[in-house]
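Just passing along the structure, written as structure tokens.
Chain lettering (A, B, C and D) follows the sequence in which the chains are written, and residue indices restart at 1 in each chain.
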Amino acid sequence: MTLRVLYFARLRERFGLAEESLAFAGATAADLVAALQARGGVWAEELAAGRAFRVAVNQDIVALDAALPDHAEVAIFPPVTGG
Amino acid sequence: MKILVQADAFDLGTEVDAMRQGRTDIGAVASFVGLARDMNEGSGVAAMTLEHYPGMTEKALAKLIDEANARWALLDVTVIHRIGRLLPGDPIVLVAVAASHRGEAFAACEFIMDYLKTQAPFWKKEETPQGERWVEARASDDAAAARWTDS
Amino acid sequence: MKILVQADAFDLGTEVDAMRQGRTDIGAVASFVGLARDMNEGSGVAAMTLEHYPGMTEKALAKLIDEANARWALLDVTVIHRIGRLLPGDPIVLVAVAASHRGEAFAACEFIMDYLKTQAPFWKKEETPQGERWVEARASDDAAAARWTDS
Amino acid sequence: MTLRVLYFARLRERFGLAEESLAFAGATAADLVAALQARGGVWAEELAAGRAFRVAVNQDIVALDAALPDHAEVAIFPPVTGG
């Protein structure tokens, strides 16, 4: 499937990337995170188990076991700090 | 119901007056304004920049308000959150809730703020004498939001 | 700290702006406005008249604020209560609390309102189609004030 | 002792009196209330045991066993309903 993946705030800066289009063979948010970790470097570091980040699918925050629909807009970002 | 995400400043008095305009059924308006401070985590803050996730932000705020409406009998809600670069003393966020009685207005206003702090996709970057830094999420904010699921 | 008992209307925006003026240490302002409603206890209310106990009123409000200051770290508090004849939609009372963080501001604002409702010597008389009537004190207000002594 | 006694709201209307100066031989707020009840009529009715009213001495709400200082300003009024 094809995904649009967005990064925000500290993760956007660390990855040097705000957005990408991704051909993806997995099923869940956890599979996507694993695929991104496999890139190594800052990706492995920031998305390591135990690091705090959030995943949103089509603009709703989801748990890592959430299924990803084709053409989903997936966003990965640090815990929010507005307000 | 009014939700705005904007770079411009807002005015508390104008927003609350707009809620009240022409109505005689509102008994209580609880409101909150969050402001940029000159100090955080022990160091001076010269300015901050608020980043957000366009699209999701409005959706997340609407969801918070829907949840508040489901929990309490509310007559109107306004939420305004600023983005972009702000200086100490600048207002960041406004939540105003109108209801017949004060208990509902206070509870919903605090609920919306607590959930906004943990659910709405905004991030703050501060300018300090030691350079720029992203504000870290606080455990106390998670605890504040969790109170509402225990009750 | 500002305490006013007055016949004139007040303006929420003006009062909160006055608290913030020239300060960069305030992170949160929680405020409350109570308004005259067109309906109470099932009957229409055309107007109400607020009587008070001059001298004791100011003293009682100052005591409430002192107690709030003793409980929470507050930066400023404003309480304004109107007296005289008011129409539905008219603001009756304003409480605004400035603090570094929102938890203190919300708690102190609600505490002051809850105590004001049971401790400050104001009495409301309503004009209804059935004639004039003094508003009866509510058990729910006593319960709201009692919450703060249990915690 | 001499007391200045004030009445407010519904009690002021029922008694037809906003303020009076009173020569008083008792010691406590309860003694004063008993003396006023002894007037009979609306006084006995409104200040009967079980009726809700408040007593303030020198502008502080007190319990009925509070002592009354000479020249005290005593106020008797219904439970408050502002805000």
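Just so we're on the same page, a residue touches a chain if its C-beta (ideal position, glycine included) is under 8 Å from a C-beta of that chain, and two chains touch if they have at least 3 such contacts.
In this text, all values refer to a predicted model and were calculated from it rather than measured experimentally.
Q: Common contacts of chain A and chain D?
A: Neighbours common to chain A and chain D are absent.
Q: Determine the centre-to-centre distance between chain A and chain C, using the mean Cα coordinates as centres, and give it in whole Å.
A: Roughly 48 Å, centre to centre.
Q: Taking each chain's centre as its mean C-alpha position, how far apart are chain B and chain C in Å?
A: 23
Q: Going by the contact rule already set, what residues in chain C reach two or more other chains?
A: Expected reply: 34, 102, 113.
Q: Two-or-more-chain contact residues of chain D, please, as numbers and ranges.
A: 83
Q: Which pairs of chains touch each other?
A: A-B, B-C, C-D
Q: What does chain B use to touch chain C in their complex?
A: 11-14, 16-17, 20, 23-39, 88-89, 100, 102-103, 105-106, 109-110, 113, 140, 144
Q: Residue numbers of chain D touching chain C in their complex, please.
A: Chain D reaches chain C through residues 6, 8-10, 52, 56, 59-61, 75, 77-83.
Q: Which residues of chain C touch chain D in their complex?
A: 34, 50-53, 55-56, 59-60, 81, 92-93, 113, 116-125, 134-137
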